[in-house]
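Structures follow.
Both of the next two complexes hold subunit A, though its partner changes from subunit B to subunit C.
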Partner chain A sequence: MTKIALHIDHIVKVYPHRHHPVTALKEVSFDIHDNEFFTLLGPSGCGKTTLLRIIAGFEEITAGQVRLYGDDISTLAPHQRPVNTVFQQYALFPHLTVADNVAFGLKRLGQSADEVKARTAAMLDLIQMTEYGQRKPHELSGGQQQRVALARALAPAPKVLLLDEPLSALDLKLRQAMREELKAIQKQTGITFVFVTHDQEEALAMSDRIAVMSNGEVQQIGSPQDIYNNPRNHFVANFIGEANILDVTAEPMRGGKCRVKLANGTAIPLEIDHAIDAAKPLSIMIRPEHLSIKPVGKKPPKSALIGTVQDLSYLGTDTQLHVRVDDRISLLARVQNDTSVEGALKPGQSVQIDMNLNAIRMLDH
Partner chain B sequence: MAGLLSSSPANKAEASIVEGRVGLLLLPSWVVIGILLVVPVLIMFVYSFLTQDFRGGVIWTFTLEAYDQFFLDRGLFGDEPPQIEWTYLLIFWRSFIQALFAMIFCLLIGFPTAYFMATSPPQSRSMLLFLVTIPYWVNLLIRTVSMKFLIRDTGPINEWLLAMGMIDEPIRMINTAFAVQLGLFYSYLPFMVLPIYASIERYNFVLSEAAADLYTGRWSTLFRVVIPSVKPGIIAGCILVFIPSLGAFLAPDLLGGAKNFMIGSLVEEQFKGQAGDWPFGAAVSMILLTIIMGILLVYARNQTQSTSRGH
Partner chain C sequence: MPATKRNPRHGGIEMARATEKVKWYPGFREITLACFFILYAPLIIVMIYSFNASQSITIWGGFSLHWYEKVFYGVEAAKFKTATVNSLIIAVMAAIVSTVIATAAALAMVRGKAFKGKSLTFGLINLPLMVPEIVTAVATLIFFSVIGFDRGLLSILLAHIVFCIPFAYLPISARLQGISSIYEQAGRDLYATPGQTFRLILFPLMVPGILSGFLLAFIISLDDFIITNFVKGAGVETLPTAIFGAVKQGIKPNIMAISTLMLTVSIVLVSISYLISRMGRQE
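Right, the complex of A and B next:
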């Protein structure tokens, strides 16, 4: 059985503003496993940063508990918790050199001068900045400051490393390089990482598991593949990648199958493994890359969806297009640019849309 | 600035044009600084080498008499072998100690005050700033005289303590070093609070969180992170309190009495009334100015050395 590093137990956080108290977290519960790269993903204001600050000890909990390898740390002050944070704006001490910044936590822990020196050197080596030890933070580039912040937080060998949108201030190229480096460092050190971001691409690229949050609640927890392929609800489907979400009515059939009807009457047979309440409003989700688009042949099958190309955007490897079926249904599709189809598509053209039935997902509302 | 711009000859020419224009724009401030600062100091410098005119003023004959009078004791009639004159050096020493203590007390009270103000909610900060400046609505002379009334033997503090039966006879406060210290502290406290407030307000409190995250307790964070980060404000406050305290004459005059004579009063006496010795007053000012400049230069040199370390 996997060991549990952090146990987030029914955490509620209410900011007691005078006139209208703000609930930032509504009874959030989940576990983060040992040696895991775990990401809290969500739009700004979803409570992900609040949760991270609660784990670090910067915010008090209104109700609930944080357990670190079984120990309740909810009431400990930040400096008593064996977790370290990489801050969004790095927060390096401006009056100290890079080496002194990295050594800061080690010295406070009362390690001997030799231990501090060795560990600091090892950390600077890890981030490949050995020759920068005597510089001051303001003499470094953003990317270098970021690495120093990482080394400073890793140096005391925390039980859990918290990262608060650490890449958001970097430019794209650097961000992508740092993603791989972070992931590599996590594997190398074996420390549990809790990473906060609003960037779904970042989350998908680095994480072992992702918790998608919105409105102070966890919407779904799972591996990147799981979250992308099987989003549980509207929010997750929309937030992770791009999705076509269509309202449907369902009619159950024998053998666990059921047939759904789109708003324009087109019927789609689906295999559903859980019971559906046909009385509730339902919707299905399909990713743009699971639609195939081709110019309408001479005799399109009756069941096929026919639409008009509204616009095309060239994205390098892909072309993205909006196809309008009728007033109620409009679809986003993506075709690879190495196919012959792509050159043949033009705005205003009638096209036939085929759905990959295996990729259609039923959504909870 | 020129160093940054001058990468090629064309840039160099451009830079010198820009510099010329900037120089022109700076002209008004140079004029003001010249008339209000450089010229008066030069006049004092020249006066300190002139001969005293007994009705006040100077006679234009060069002499080192004023400096001689400050440093050397040649006896009552000026015919004994010269010895070191301790009178004025003692006044200098006393003034330095008073100014140093005023600075320390202002720092001890001013830092927490400034910290409290800067960490208050933004709405109340402007109100607190306003409160700090209120004493300046009343002239310093009037405020110092009021303090004299407050702490004298028959003042409200002593009266009240007597009435409460806590003391049998008035506590002697007026005409003591304590009174001078109180006056200096009260006069210059805002000069300590305001620069420290400004630097704490700019301080990034995430640094304190980072320190706490790295196993640092509150007090340790204060001394290891907060104070080093706001050091420029603290230094500015200390300079702004120490230097005026050194040359202050109102508080020593009104509250200190004859025993607590300070540099400011010494200089003041030389220029006030008929008995004044202008060259001597000018010489004392020049000696004080030289010492202060020396201290500031040593500080500035240390500063540049510590910031350029690590290059």
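Right, the complex of A and C next:
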């Protein structure tokens, strides 16, 4: 059984503004496993940073409990918690050298001068900045400051490392390089990482598991593949990647199957194992890459979905297109640029749309 | 102006354009030059005539350090020396005490949680800057008389401490406002107790502000005349009151030499204060 590093237990956070209190977190509960790269993903204002600051001890909780390897740490001050943070703006102490920044936490923990020196050197080596020890933070580039912030937070060997959008201030190339470096350092050190970001690509690339948050609630927790392929609801489907979401009506059939009908009456046979309440409004989700588009042949099958190409945008490896079926249905599709189809598509053209049935998902509202 | 607020970079461009335009307003150049002339011409004349070889304060008689010699070794040298020592003792002590008080006040006002009467407190701290100095002087004199406090060096020192606080407060609180609380959070996160966080992080970052607050308070105390003149006892002189006493008997060129020396000290200290605060900003 996997060990639980952090147990987030029914946490509520309300900011008591005089006239209208703001609820930042509504009874959030989940576990973060030992040695896991765990990401809190959501748009700004979803409560992810509040939750991180609660774990670090910078925010008091209104109700609930935070347990770190079984111990309740909810009431401890930040300096009493064996967790460290990499801040969004790095927050390197400007009056101290790089080495003194890295050594800061070690000294506060009462380690001997020799231990501090050895550990600081090891950390600078880990981020490949040994020769920068005597520089001041303002003499470093943004990427270097980022690495020093990481080394400073890792030096005291925290039980959990918290990272608050640490890559958002870097430019694209550096951000992509740092993703790999962060992931590698997490594997190398074996420390549990809790990473906060609003960038879904970042989350998918680095995480072992992701918690998608919005409006102070966790919408779904799962592996990147799980979150992308099986989004539970509208929010997750829309927030992670691109999705076509279509309203449907369902008719149960024998053998666990059911048939759904699009708004224009097109029927789609789907295999669904859970019972469907046909009275409720339903929708299905399909990713753009799971639609195949081809010019309408001479005899299109009666059941085929036919639409008109609205516009095309060239994206390098593939081309994205909007296809309008009728007033109610418009689809986003993506075709790879090395196929023969791509050159044949023009705006205004009639096309036949085939859905990969295995990739269609029913969504909860 | 809301557009400027939202986008500082854009605002900067607009401001640059605005200054360019001001240059072309009719009469602006002349008014500016006239202001600078009225402000600085007397100072420059005093500095030049302090090197005058002649007894006259208006007729140039050649270059000489005669009057500087008079300041240090002349008949009045002993009087001015005592006054200078008094001024320096009072300025150093008033600057130290008012800087400590101002630092504590700035910490409470900038880093403390919101409390009832916070804006009133802010007003009270800065009020001495707005109250006419003569009013403060009279009030302080009456206060000392009423409580039966002996007038002398100590009464001057107490009065100076009080009116120096807002001058020390301004650069210190400005500096403190510029220090993001993220550094203190990072300190707490790295196992520093609240006391260690202040001692190892916040205080070192505040030092440039504290030093420039100290120097400003020192200068303000050093050259105060009105309040000092009211609360000083008979026979106790600071440099400004001694100069005033000497001038009453007629302006002699040695006063110009003393003034030039004081001006030099002030310029040096203000420059140091400016350099320190600029150094702080660069970090």
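A few remarks follow.
Note that the second predicted complex is superposed on the first by the 365 of 365 C-alpha atoms of A that agree within 3 Å, B and C clash if a C-alpha of one lies under 4 Å from a C-alpha of the other, contacts with A are read in each partner's own complex, and residues count from 1 in each chain.
Methods note: contacts are C-beta pairs under 8 Å (C-beta built on N, C-alpha and C of every residue); 3 or more make two chains touch, one makes a residue touch a chain.
Note that the structure is a prediction, hence the values are computed from the model and not measured.
For the composite obtained by superposing both complexes on subunit A, the positions of subunit B and subunit C are in clash. In the superposed model, A:T97 lies in contact with subunit B only, and not with subunit C. In the superposed pair of complexes, A:S350 makes contact with neither subunit B nor subunit C.
In the superposed pair of complexes, A:R108 makes contact with subunit B and with subunit C alike.
By the document's definition of touching, both partners, subunit B and subunit C, reach A:A77. In the superposed model, A:A56 lies in contact with both subunit B and subunit C.
Of the two partner chains placed by the overlay, neither subunit B nor subunit C lies in contact with A:Q310. Applying the stated contact rule after C-alpha superposition, one finds that A:P156 touches each of subunit B and subunit C.
Once the two complexes are overlaid on the shared chain, A:R135 sits against subunit B while remaining clear of subunit C.
Across the options 2-10, 74-82 or 92-100, subunit B meets subunit C in a clash only at 92-100, per the superposition defined above. For the contact definition in use here, the residues of subunit A common to its subunit B contact set and its subunit C contact set are 56-58, 77-79, 83-85, 87, 89, 91-95, 104-105, 108-109, 136, 152-153, 156. Put simply, subunit B touches subunit A in their complex at residues 204, 206-207, 209-217, 220, 225, 228-229, 231, 310.
Residues 180, 182-183, 185-193, 196-197, 200-201, 204-205, 282-283 of subunit C touch subunit A in their complex. Subunit A meets subunit C in the complex at residues 56-58, 77-79, 83-85, 87, 89, 91-95, 104-105, 108-109, 136, 138, 152-153, 156.
Residues of subunit A that touch subunit B in their complex: 56-58, 77-80, 83-85, 87, 89, 91-95, 97, 104-105, 108-109, 134-136, 139, 152-153, 156.
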